[in-house]
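One chain, subunit A, links the two complexes that follow: it is found with subunit B in the first and with subunit C in the second.
This part shows the complex of A and B:
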């Protein structure tokens, strides 16, 4: 049995990196992009270590359990943070060169919160980790405070406040639900469970509401498009994937714990309802959007609907496919936002119309954009196709036939707006033919996402096996 | 007071907070409403510890610490809003659209 230091070694390493970033900034005042590259190198080291260091074990009092499930999520979060930081390096150097270290430190603290979520088996740890993930994101959403978009006014204050108000309000719902559940069960362990009663159901619903906010599922989605539009785009690439995976992990831990009033009959219908509402609202509201970031915001709401339908199946296979979907979503959506960022920096704005002629000005970016869009739409031989197929298949096997049919119809609706973006970039004439220049770090991040989307699309087995092992470990050890 | 009365009071306080959050457009007033909701949750936590012997009292310290961190960020964001619009009305800040 490993000691708790071993069990939490990866998380402690990230804490150490965050502390080192702030120290280095205070003592050495590094110039330029070197700090960003150092953080990326350090996080890559932690990611590599996750394959060699044995972190399986339980901390004292069973508050934190580390197994294959936790490792899968930790790797997803680390990959998202590495790619998100890689995509931000050039933007930070250009627009906020004197505030770089804080940006990295905040991302890293948020990352620690995420990494603690999937293994938490104690309400206190779960809630504290969730807030540790959330609070740095409020700051980061307002990071572009001095930086007006070329075509629009400064939106940072609005973006950050909308995220903050919904976030803070939803965490009070979590606190109140927590009071009811812990009070009724008499224990802070999540697996303890409570006797079914109306008061316990109210508590559970309040907690689902609190955690559903980070997922951006309908009806907790109002912040999504506004924040995506106003926050710095490289940060949105991270915000749009990692906290959603974190919210999913927390929701799984809460709902699937044994002894829980969470007999599936109780929460299953609630999750199906959230899922169908998210798919419908996300896909239909995305159709009339003219700003690429708002369109991707609504598309993200729809994608969360697809994940939740697999979660509602409440089987080991369904859970595994939800994990696979979220991993695929990390690569696809992160890459897509970074392409949008690279294009907008050169083409004067984030409007879909302003993207016209992108493929002529940079065939490489245009091609990457097309691949990511096809992956989100679920076209064969990119990773998103398998993700969508597996998710619908598992939900169908679990007997959720009507929601799956609704989902498939809405996925076809989704094709329209994804392809309308592609049409704008490939068919429409642009105003200029000048080549597009983007930084090395940004290109590297997009390249890694592109490679992952294509390679896992052709050969999804390793990722599927990882997701299966994670789900098996979770169901066995809950 | 019994547990039920305490929970009713906490629920009432929480509802007042939700009402304030929905109706007020002033950013500072919305922060105050959120504080009210947190304190309602704290009241429920303490009530469970006192009347039902649940281990909820230490939780209050955690919720307080989290809320302090949140409000520190929130007030900074309100300052940002004020510098941008010379006002703390959230209605002034609704330029995102679509």
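This part shows the complex of A and C:
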């Protein structure tokens, strides 16, 4: 028997870290921020290892395949987890200092689930990995149970419950669709093609609906603004990016199960519909928001619409640019939520109006906020510009002209509300002149995101090539 | 291969980066760093103009660096005859603009930083030879305007009237934030149209490149062309103030601080016209020829409508802003003639109008800083306390109405000759009529503000230009006269480029017939 354990070495390393965190918490009871920093260091080690350890291979019976595609996603997840944890360290120490280890362990287990998703080639493994990703998130969403804003202390409970109920409902969709597909093909292997039939279409649509929930695509988006508002903001920075990348990976694997391009007619229109609906609802509902977290929630729905439009192109390059977009989104949105968190901690709330004068009180945070907003809006020389442009380019090339036109128009609408946040932070004179202080870890996380957004914005080629290689590997392995 | 072009584009951006490390209270250092950045760019553009080989023509000083090779995107810079003229214009305007904003009242560091970033974008547009990079720089040039107007601009009262007065109140018309948002969104809708056209061209069979020279050689299908041209015309045209997409311009220019108005009316509107000609007409010549009658007719509307609007304004900044709309109509008219004279005139008008309107806004800023009003009815006899300002303002007025000996004359003359030579000779009539109305309103404004009896009361002791305030009138005023008497310096290079582009436009049009 060939050795195959190296294929899962990165995932096992994360499991080991998670187990170590719980053991350390039980035996040593570390105080202060050291545990958080240790987790970050360990994950950084895993990330570095991903560049040196050979993880390409297949597990017995082909249930798990690891290649450049899987590696790309694993790095994205690791980066998101590192930055998300880095941004949480200070908040945890202040607000929940006795519950730190649980937080890290839950994030790590969710991370393991995500890392297993893109390589899963067996329906059972895929669903288990997806639930492993999702269940810790329910707990984390309610983590700020004692920490709600004074006037509405129940927000955390609402956040967690909404996420859980929608999540549970979507799981039932997935299971039902799976039952149909597996029943038709007679095998739990994803690679086994399904012959097109009305029943297969129903099954596939059910599964897309189930996974669409994690993506937060319309019409499965209702949890997004409420959860973003009620859950702890540093956690939302992670929640708003990593599970979406996970959902995207899972969606690709599922669509591949039907032969990807060959069955384009089967799922293409469904994805286009999801995409256009997400862009429209996200962008338009973001307009009247007054809470920055809710605004970013709707903006996130819109951004997912842009990803899906590239996926709907059903080409290798389209897939590659969806990956590029999601990688760009990780840096941008994570950084943006962390800035909002840093600002809200000092300015007494998450309302957009409460952030007025941010750039005067902290030019550094104000500048970072502006850069992230511009990146989401798709303005040049930040990474989001390339992401949005490449996505439109590929979708246009694949003939999705009307959705692209709608997307471009809505992108201008998006600019309006992104700029209105910038107006509050840059133009309005705040009530206070006091400098804003934020912890080292939080500043480091924001700084890394900022550097990535700007540097990849100036020279996107490495990331484009990485996404291309990943997509190529995926298409070859199908 | 020399690196003058990348130096010109990078110098302001590098200066902006240097500003980041300065402290907000190092006021002099901030200004000096900005001035150095602007001066290097100006010297660079003068060197480029001096070393550009006019006999050889074409694209020179080529630099190319891969950006995203898998999509055929290269950071490719080169300059042609049009670029030479527009580089000098931008260099002069930013140099004088920095000096004119020496007295920025608040948040100086951010102001100069945004100003310099914006100018890097403008330089980039004029020298990029890759459609994608062109678009990149174009966006960079447009966006800082939002903050520049929104933070440092001036609000003014607009009496809500007419059927939409409730809407006006709701959106705080007249406020600087309203103006900033209106300008940004209108221009961004324009860029969205440009983006769609870019996608169409790129996705055409056998293209898949953004290289402008390669795109010029590509032949696009008739349908693609017929769709792409109006998108490019209206997309870029919204920045050039093409009727009816000009409405951001009066509000924006009136609300903007001095240096920003100078840059925006002086240089940014030229980006739009440059885009229409360089991208729209040269890349899809077939459709351009078909659409030319409409483009020219709309340009004529621009000239007349802008002039009549300017004539009925009572706010000094609005007069200058509407005159820009009118003068940009002259540029678009020149472009629409598709004749060598018309195109030379269009580019020369971009240059002349840029200098002239820069001078106008600099002087209006001076007057406003001292008199604290822009209502011309309240002014009068300002020539007595401020003779220098009055003299230069009169010079700008004369160039605006096209007096021989000023740069404005050369440009308008060429455009009208071009119009007469084109298939639509009647365009000349409203064109000349527009020049006449211009004479009426600029002379009236000039007379009301500066000439007449010695002012009494609060306006009796207005100060004349001082220290750095001298720079803008002197430099821009002498440029107006210099290029009025010696147009050949620029016209030779402009003509080379126009001839090359026109030759391509006409041959392609004939082949396809």
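The criterion applied here is as follows: the second predicted complex is superposed on the first by the 466 of 478 C-alpha atoms of A that agree within 3 Å, B and C clash if a C-alpha of one lies under 4 Å from a C-alpha of the other, contacts with A are read in each partner's own complex, and residues count from 1 in each chain.
Simple rule for what comes next: contacts are C-beta pairs under 8 Å (C-beta built on N, C-alpha and C of every residue); 3 or more make two chains touch, one makes a residue touch a chain.
Being a predicted model, the structure only gives us computed values, none of them experimental.
K.L.:
Consider subunit A as the common anchor and indicate whether subunit B and subunit C clash or fit when overlaid.
P.N.:
fit
K.L.:
Taking the superposition on A as described, I'd like to know which of subunit B and subunit C A:342 touches: first, second, both or neither.
P.N.:
neither
K.L.:
Calculate the angle at subunit A, using C-alpha centres, between the directions toward subunit B and subunit C; round to the nearest 10 degrees.
P.N.:
Computed from the C-alpha centres, it is 140 degrees.
K.L.:
Touch test for A:168: subunit B only (first), subunit C only (second), both, or neither?
P.N.:
It touches subunit B, and subunit C stays clear.
K.L.:
Of the two partners subunit B and subunit C, indicate the one touching more residues belonging to subunit A.
P.N.:
B
K.L.:
Which partner does A:290 reach: the first (subunit B), the second (subunit C), both, or neither?
P.N.:
first
K.L.:
Does the superposition put A:82 against subunit B (first), subunit C (second), both, or neither?
P.N.:
Touch status of A:82: no partner.
K.L.:
Can you work out, in whole Å, how close the C-alpha atoms of subunit B and subunit C get once everything is superposed?
P.N.:
Superposed model gives a least subunit B-subunit C C-alpha distance of 21 Å.
K.L.:
Show which residues of subunit A lie in contact with subunit B when the two form their complex.
P.N.:
Going through subunit A, the ones touching subunit B are 123-124, 127-128, 131, 135, 138-139, 142, 145, 152-161, 164-165, 167-169, 171-173, 175-176, 178-180, 182-188, 225-226, 229-230, 288-291, 294.
K.L.:
Quick one: which bits of subunit C touch subunit A in the complex? Just the residue numbers, please.
P.N.:
Answer in residue numbers: 24, 66-71, 107, 110, 135-137, 139-140, 143, 146-147, 150-151, 177, 181, 184-185, 188-189, 192, 195-196, 199-200, 202-203.
K.L.:
So in the complex, which bits of subunit B are touching subunit A?
P.N.:
10, 14, 17, 21, 27, 30-31, 34, 37-38, 40-42, 44-45, 47-48, 52-56, 58-59, 62-63, 66, 69-71, 73-74, 76-78, 80-81, 83-85, 90, 93-96, 98
K.L.:
In their complex, what parts of subunit A are in touch with subunit C?
P.N.:
My answer: residues 359-360, 363, 374, 379-381, 385-386, 389-390, 392-393, 396-397, 404-405, 408-409, 411-412, 415-416, 419, 422-423, 426-427, 459-461, 464-465, 468.
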